[in-house]
Structure formats: C-alpha cells, structure tokens
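You will see two complexes here that share chain A, one where it goes with chain B and one where it goes with chain C.
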Partner chain A sequence: MRHSLRRDITIGAIAITALVLLPLVWPSKALIDFVIRGASLGLFATSLNLLIGYGGMVSFGHGLFFGLGAYSFGLLMQRTGMPIPAAFVLTIVVNAAVALAIGAICVRLKEIYFAFLTLAFQMFLYSLIILWVPLTGGDQGLRGGIPRPTFLGIDLADQKQLYIASCVLLVIGLMLMRHIVASPFGYTLRMIRDNAIRAAFLGINVFRIKLVAFVLAGIFGGIGGVIMSLFVSGAYPEFAYWTVSGEGVFIIMLGGLSTFLGPMVGAVILLLLNDVVTRFTEYYGLTLGAIILLFALGLRRGLTDFLLDYWRQFRAARAPMQRS
Partner chain B sequence: MLSIERLSKSFEGIAAISDVTLDFPTGSLTAVIGPNGAGKTTLFNLISGALRADAGCVMLDGTDLVGLSRTEIVRCGIARAFQVASIFPSLTVEETLNAAVQAHRGRAAVLGQRFPLADCGERAREVMDMLSLSKEADTLSAKLSHGDQKLLDIALALVLQPRVLLLDEPTAGMGTEERWQMIEKVYRLWEREKMTVVFIEHDMDIVFKIANSIRVLCYGRVLAEGTPDQIRCNADVIAAYLGTEHEVEP
Partner chain C sequence: MDLASLVSCFGSPACVITQVTSGLIIGMLLFLVAAGLTLIFGVLKVINFTHGAFYMLGAYFALTIFKLTGSYVITLFGAAFGTALVGLVFERLFISRVYGRNMLMQLLVCYGFILIFDDVVKIVWGAEFRSMGMPTIFQVPPIFIAGGVVPPFYLFLVGVTIVIGVVLWLVIERTRFGKVVRALAYNPTMVSVLGINTGILYGLVFALGGLLAGFAGALAAPVRSLTPGMGFSILIESFIVTVIGGMGSIVGAFVGSLLIGLIRTFGSVGFPLFTDGLMYLFMVVVLISKPTGLFGKEIA
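And then the complex of A and B:
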C-alpha cells in the first residue's frame, strides 16, 4: 500500500475538526475527560507499538517514558515557571536523552532479555521517584498542582481548551508516527523485525536503527505523560509503575499490532471497559483478565487485526465471483 | 579472480575445511559438489565472512577478505543466497527489494521521505525482472511458492551488485521440473550479468549440464577440480562420490 503524505494530512485535519466539534454536538464533561485520557493513553500505546509491532522489540518498561514525561514537565513547570511550550520542548529533550542512554544498553539484547532490562530501568525510575522526596514528593507525588500559565492566548487550566490542545497533540503525534512507519526508516525497521541477520547482510546497521526507534518511541510515550500531567495537574509515582507498561501491552493486545491505529482503538476499548466495569463490579482486575483471555484465546489477535483478516478473507471470497 | 589459498577451519578439533586451495576464474560458472559434510557450506560461510577462517586466505582480485566483517565483504563484491531462503515474510516482493536497494545505497535510516524512495524503484524493478519475479511484485514474501522464495533470496543478493555470487543449493527442496526452471534462471542470469557464479548442487545432471567448471570437496579437502568432462572421468571422484553410473555415460 502506498502512503501519501497529502492524504494523511487531510485525514488529520478532518480528525482534529471532528474532535473539536464533538463537545458542541454532545456537551458532556465526562466526554471531555474521556477524550483527554484517550489522547494520553493512545499516544503512549501507539508509541509502544513502534517498538512491538514494527520493531519486534517487546518492551515491558515503556511506562518509564510516560512517567518521565509527566514528572519532567510537572517539575519544570513547578520549579522554573517557564512558559508551557518551552517546558514541553525541554521534556522531549529529556525523554530523548534518557531513551538514548537506556536504549544504547537495551536494544542489543534479544527478546526476553530486552523485555526484562527495560522493566528493570523502569523500576529504577520508580524507586528514584519514591526515594527522592525533596524533588519528587515521594509517594505523595507532585502536589500543589502544576501551574498552567496562559500562552498565546491559550489557557490550559480551562478544561475545554485543554481538550482542544490534547486533541491537536494526539492527531499531530499520530500523524508523525504514521509518517515514521511509512518512511524508508519504517520499512528498514520492519526488515529487522522479520529477519535481522539478513538485514545486516544487506548492510543495515541494526543497532542504530533499533536505537533510533527506541528514542522516537520514548519521545512520543513522554508526550502521553505530559497530557496526563496536565489533565490531573500533577504527577504520581503510579505513572512510572510497571503496571503502566503492562497496560500498554494490554492495549496493544486488545486493539491489534499490525494496523497503525490498532493501539488507538485498544486505548479507547480499555478506557470504556474501565468506566463500565468499575460501575458494576469491584472485581475490576478479574473482569479485565477474563476479557483479555477472550481476545487471546477467542480472536487470537487484537480487534483491528481480526477485522482486517476478516475483511481480506471476505474480499478474497468475493473476487472469484466478480470475475465469473 | 576469487582464489582461496590454504584455507582451514575446524570446529572443536574436527576439521571442516583443511588446507583448501581453489580458484574461481572471473566470469566462470562453477559448481561445488561433494558428499554431505564435505565442507561446502562451510566454505561459503568462510568466503562470505559468516565464519572466520583459522588459517589461509581468501583473495578477491588481490584483496584478502579474511578478517573483514560481513558488510565489508559485501562491499568488496561478494554476495550470497542461502540454503533456506532468508527473506522478510511480512513484506511484499517489491517492498523487500525497494527496502534492500535503499539499504544498499546507505539510505535505510531516512526519516524525512516516504517509502518507497523514487530513485530506488528502478533498480528494484530491474532485479525483479532479472529473476522473473515481477508478476509476484505485490505478493507477501511469506505467501510465495518455495521456488519464488529462493529466487527472492537470490534477488536480495543481486541488489548488492556483486562481482561474485555464491548460491548455496539453489534447487534444494524442489521437484525435478522446478529444479530445471530454477537452474535455467540462474544460467540466464550468469550469461547476462557476466559475474562469477559459484553454486553448491547435489543433482549431478544439473551440474554436468550447466557448470563450466567443477570443484569436488570430500572430508574438507579438494578431491578434484576441472571441467565437467575431466571430473566425469576422474577415478577418485568416481570412487568417492559419483559411483559407476556416470562413468558409462559418453
């Protein structure tokens, strides 16, 4: 399939417009909250899928970048009082630098070793947050709210404006990641996932490509964290706990890893489950576990993967009929 | 000319290749034959840098390749295809070759443009045509027939514009008819591209029909070398490998 840039930009513009108009059609505070959380989780899961789906690198520690994004942004805003765009850019720089250092150590490793070392680094950050009380507030998190001064006439303390900003960040983030997977780099990444040895024989520097993918995923995962910290006006150690990584993997299993928007779909499903299940039962974990088993054993893949296969079979079955 | 001088390699004390000296003249189509375990694939692994030789040298037009990395050896002009097709299952044939061409041109990490790069497409199509893979351009590699997967593997080697092409059993696992189709494509490729082709083959009918010279390995040593006619009449080869069947042929 050819991916045209112009088509993607058109789709992106339509998506932003639709999302911005949504609360006008359906004015609901719950909806606004839902979309902001969806933007945060969707960016995070899609960035993780750059590694899992496109790079074949199953990271169990991607939550590190979510937590790092939230804390870096929150601390910069609380301690320096710099404008939001500057803190945003600096947060990206911090995430990229940390991803570069950790990636340089991790991406050489294969499969389970990679998974566990990323997890170890994540738990290291978590411990650091818990123990470095003067800076991070320890297990209480960054309290007292994150100042959100107005910039360029935009006031992110206003929930509606934060909603629009989150939608714009989500769509631009998704478009950028979409561009990455549709670039020559994206195809090289797929080659490495499929057959790293042959890729090396073709002169590809496997280490460098994997490292760049790790850094890019760390940046977009961090942006998910920034949105979350703006939403809750704080940052908490749970943002950097291993369960966030688990949630990311869970979302990808729900939504599917071979279509670009699979993780986004998965994030929406998880949030819906979250809201619905907790309304009816306190056995949240049990219900979610049963549902993931249903996906794993029943569909044996994520929802979008299942639908895509179904559609292909449907078309293949119809094609001979049309010819005759 | 690719020449191998006093090359040795052993695994845990057992010699896989011992003191092998061989020449592969530029532009020749040479078959390497020998019983199982004769060291044929090991020889290819040593030439292509997948294994490092214990002693001896591999010279390509005066450059010693021993000790160079796989990528450096590829740059010197030696490419190989594998006994079991080594391809990229989730990419289509055309995507595979486009991605391989961009990698060969050092543009594997380009982020600012869209795949496929316009200037890589021509070469990708050229290689597809060479091996008559064009009709399968949009087929996923995983769904290709066994023979087409082997062709795609060879196509990947051709992308690297090699001077020497090493083919490890290009007809392995194929039926008789498919074998001849495959070897015909290899032969036409050799005729057209005028490169040095070295192939490992077990089917003696194929070997004697298309190779213009033959090297026989046995227990890691060179048993014989020469033209098909010389090999056919060589008493050592008949005793060790061919049996009497080929002796009575004209």
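And then the complex of A and C:
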C-alpha cells in the first residue's frame, strides 16, 4: 500500500481544477460559501483525525488550535498590517509552538486523561480570550474586520478569490497530511496506536512520535481556523469553545476514522445537515439526534468505514465463487 | 482581576458567609450530578454524557409536579423517581447496546440523545425561561449568620444533600447491593457466573445515577431558572469534578464539588471574568500532578 507522491499530486491538481471550475458550471453564492466553510472544517477534522484515527489519541481540545489559528492570524493582520503570507507563516509558527508546549504535557497521559487534559487546556485558552479584553475584545471577539490587503495580485477580500485560495489551501493541506500518514512516520504512529509497548521495545521514541503528531495536527487545525477567520473577517471566542472540538469529533465519527478522506466526507455531511435540516424543520436537535443514532446504532461506524466494510464483504463473497 | 475586593471580602465575616453558602449550593448540586456520573463510570465504564440532560429533566419534572400537587416533598420524590425511570429505560434500550464499544461511539450516542432531550423539553415545556418559584414553606425571612444573609432553603438543600451523600456511601459500602455493585465494577463476568443478573444491575446503577441527577434538578428548580440547555454547563462542571476527584470515587466527587463550588464563588469576587479559567487551571494542575484525580485509582 505505497502511495506515490506523483499520483497524489495529479489527484490534487485535478481536485483543484474541478473546484475552481465548479462555480463556473453552477454559479451560486451559497455554493461558494459552502465550499469555503467545508475547506475550513474539513482541514480541521482531518487534522484531528491524525490524532484520533492514526494516533489513537482522542483529543477533546483540538478546537484550541482552530481558535488559536483564527485569533493569531486576525491579530497579526489587525495590529501589524503585515502581508497575508507573512501572517500566515507566523500563525503556523505560533500554533506549532503552542502545540509543542501543550503536547509535551498532554501526550504523556493515556486515553481519557489525555482527552480531559486537552479539553482543560482548550477551555483555559477560551477563558483567556474572554479575560484579555484589550487584546482579544473579550466576548465580543475581534471586531472591525480583518484587513485583507492584496498580495501577488490576489485579493482575498473578493469572495471568489478567497474561494480559490481556500480550495488550494484545502487540497495542499490534505495532500501534505496524506503524505504524512503514508510516510514511515505515519506507519510508526499507527504502530504506537496499536501497541505502544511493543513500539517502545523496538527502540521507537514513543513520546517524540506522539508529540510530533500533536504539533502537526495543531498546525493543520490552525490553518482551518485561518480560513474561517478570513471567511467571517473576524475571530470570535466560540472558535475556541469546546463545542468546536466536539464538532470535530462528531464529523470524524460521521465520516469514518479509518479512511483518510472520512473526515472530509463527514464535514460535508455535517454542513449539509446543518443547512438542510434548519431549512425544513425547527426541531433541529430532534432531527440531527435521530440521524446521529442512525449512524451510531445502525451503521455502527462512519459512512466511509461502513462503505469500505461493505465493499470488502462484497468482494470476499464474490472471490470464492470465481475460484470454483 | 480584582484582588482588592477579594481581600476585603475575606476581611468581612458577612461576605465570607454569603460566598461560602452560595459556594455550598453550587457544590451540593454538582455533587449530586457528579456522584451519579462517577458511579455510572465506575461500574458501567461508560461516560454518560447525557447526565446533564437528566438534571434538566428532573428540574422540569419538578416544575410540573409542583404545579399539580403544590407539595415540595412529593415534587422532590416524583422528579427523582421519574428521572430514574427515564434512566432505566434509556440504559436498557440504548446504552446497553454500546458497552465495550469504542468510547467515541458511546459519546456519539449520548450526544444524539442530548440533542433529542433538549428538543423534547422545548416541545413539552417551551423554549423560554421558566421558573418554579419558592415553595411556601421556605418563604420565610432569611437567617442572619455573622451578618451574612442565608435563605432557609439553602440550609435545607445543603442538609438534604449531605444526608443523601451519607446514605449513598452507606449503600455502596455497607449493603449487599453495594457489595454486588462493587464486585460488578471489578469483574462483571465473575458476578454473572455467580448467578446474578448483571443486565438488571447495570440498569439499576444507571437508574440510581438518574435518581441523583433528577433529585438535583428538583432541588435546583426553586433557585435556578429553567431552560432547555441547562444540562450542558452542569455536565461540563461535573466532569471537571469527577476528573479532579478521581473517576469512580464518590468521596472524590464530594471533595471535588466543594472545591469547585468555592472556587466559583470566591473566584467571581476576585477574578470576575476568569472564574471558569481558574476552574480549568485547577483541573490542569490536578491532571498533570496526579492524572487519576485526588481520590482515584488507576483504571486498567
């Protein structure tokens, strides 16, 4: 199961082309908004799946990095007026540094304690945002809009150009993460998930591998936050609230955690559910709750996992017949 | 930050009494919810994320029963046993299907039910804020202790909760039922081999958790306003309590609840915007220094 980089790049290029052409075929503002939100949520959920699906580390506090990305980027743009690419790179540096510090403390803990400690750190950041009014605007969030000066002829204040930029960021982000999970590092991470003690016996530094995964997930989660802050032209405390982490976990469970694109599928399902259900019924919770139960008790796994299992069973059922 | 007012509060007995009593109220309600949560986790190894919804159901049951009967005693028992019944049915029908499954799948089932319960409450009782009002027995002038105002209902609430806590501890530690439940937490297969119906027992433990949460809801109904999302914040806080006290430990839940209650009330004087932050900071410190919580044991 080796993935060639060249094949991934080809698929990525096709995906970007298709996404860029999509509004030409179906010109709709709602579609553009949908894809930008999907890019933000999809990157966030896929980065969380690096931890949950590939690392076996169930984080309840991944929303911290979403909020941190949005706030760092927004503040850098508002306060310093630096060009967007510079602010973007600096945001990644901030996210990586914070993820390194928090990860060094969290990844030592097992299972449920890891989950709760990450949640506690996230809510701590949320409280800081609420408290530090002069910097963050408190519960009002970063208001007054984020300046989006033109760089290299790209104007992100224009919704269509922001759309293209989000698609490019999404595809590049997904390709990088794909490359990470297909690398020896990715396989080591999965080995630690399955049997950390054995990995340690083989001379693997379990702590370091887990920490690197935590930092990488923090970086990509932050990029999701950056896209969201560009989209809404601001940053709000809700971005760092625990519900964002909950949504991330929920998306992964909807889409499936054992396939790479599962979280991406889950993000699209959740956004569709949000948009469709709220349009047709005022009992949003009742409907969404029933759909969740259908997944959890009916399919018993995420959609892509279910389809994959189904496909494998189908193939297995067919195989003996062909042989005889 | 407002350290000056915190210092001046500690200088005045009246302020200390007022803050301690409201801290106790928060702590006691939290304890009832967290005790059920920690019990269910200890025995069933399931984190019941719907526990906040049970608290909410208890409060709304209390609202209706009080309106019908006018008796607060009937209200307390009716709400508690009503919620216990919901818990029993919920466990037998749904939670029993996810034992031993991935924790995330359990979380997902519970999340679905949180949404459903909230919407059902919205349909039955309406989305707006409701309040039950103080029962007439407690509509008496407040008691003054060292210049601090203490409503009589607060004393009742604290007293009743302490009695429940002691009874719960006695049931778990001193009765045959408690012994079987502890054995169930330790080795369910062995208990089942010895001829005990573990399915019913799981249901009963879950119902007991629901009973405590429903009772907490009924106790909270006169002093809190009721809304369809009221279970969420107490759920998060009771998680903090169980993590601090140690998952599965009732004594830990009690100590944790008191600590959180006091941090909340004194924090709101000294650090008005950072009260929640203090709570999480405390949780971080406990988790780093003793991941199993103050009174918890390592979970195998």
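Convention: the second predicted complex is superposed on the first by the 324 of 324 C-alpha atoms of A that agree within 3 Å, B and C clash if a C-alpha of one lies under 4 Å from a C-alpha of the other, contacts with A are read in each partner's own complex, and residues count from 1 in each chain.
We adopt the following convention: a contact is a pair of C-beta atoms (placed from the backbone, for glycine too) under 8 Å apart; a residue touches a chain by one contact, two chains touch by 3 or more.
All values derive from a computational prediction rather than experimental measurement.
Colleague: Per the contact definition in the header, classify A:N195: touching chain B only (first), chain C only (second), both, or neither.
Modeller: A:N195 contacts chain B only, not chain C.
Colleague: Is A:V20 in contact with chain B, with chain C, with both, or with neither (first, second, both, neither)?
Modeller: So A:V20 meets neither chain B nor chain C here.
Colleague: Just to be sure I read the superposition right, which of the two partners does A:L31 touch: chain B = first, chain C = second, or both, or neither?
Modeller: In the superposition, A:L31 contacts neither chain B nor chain C.
Colleague: What is the contact status of A:I164 with respect to chain B (first) and chain C (second): first, second, both, or neither?
Modeller: In the superposition, A:I164 touches no partner, neither chain B nor chain C.
Colleague: Using the touch definition from the top, say if A:S183 reaches chain B (first), chain C (second), both or neither.
Modeller: In the superposition, A:S183 touches chain B alone.
Colleague: When the two structures are overlaid on chain A, which partner does A:L307 contact: first (chain B), second (chain C), both, or neither?
Modeller: Touch partners of A:L307: none, neither chain B nor chain C.
Colleague: Give the label of whichever partner, chain B or chain C, reaches more residues of chain A.
Modeller: C
Colleague: Kindly list the residues of chain A that each of chain B and chain C touches, one partner per complex.
Modeller: Shared contact residues on chain A: none.
Colleague: Can you check the complex and tell me which residues of chain C touch chain A?
Modeller: 47, 94, 97-98, 103-105, 107-109, 111-116, 118-120, 122-123, 236, 239-240, 243, 247, 271, 273-274, 276-277, 280-281, 283-284, 287-288, 291-292, 299
Colleague: Across the complex, what residues on chain A touch chain B?
Modeller: Those in contact with chain B are residues 3-5, 179-180, 182-188, 190-191, 193-195, 197-205, 208-209, 212.
Colleague: Contact residues on chain B for chain A in the complex?
Modeller: My answer: residues 70-71, 74-75, 80, 86-91, 95-96, 98-100, 102-104, 106-117, 156, 159-160.
Colleague: Spell out the residues on chain A that touch chain C in their complex, using ranges where they run on.
Modeller: The contact residues of chain A facing chain C are 52, 58, 105, 109-113, 116-117, 120-121, 123-124, 126-128, 130-131, 133, 138, 242, 246, 249-250, 252-253, 257, 283-286, 288-293, 295-297, 300-301.
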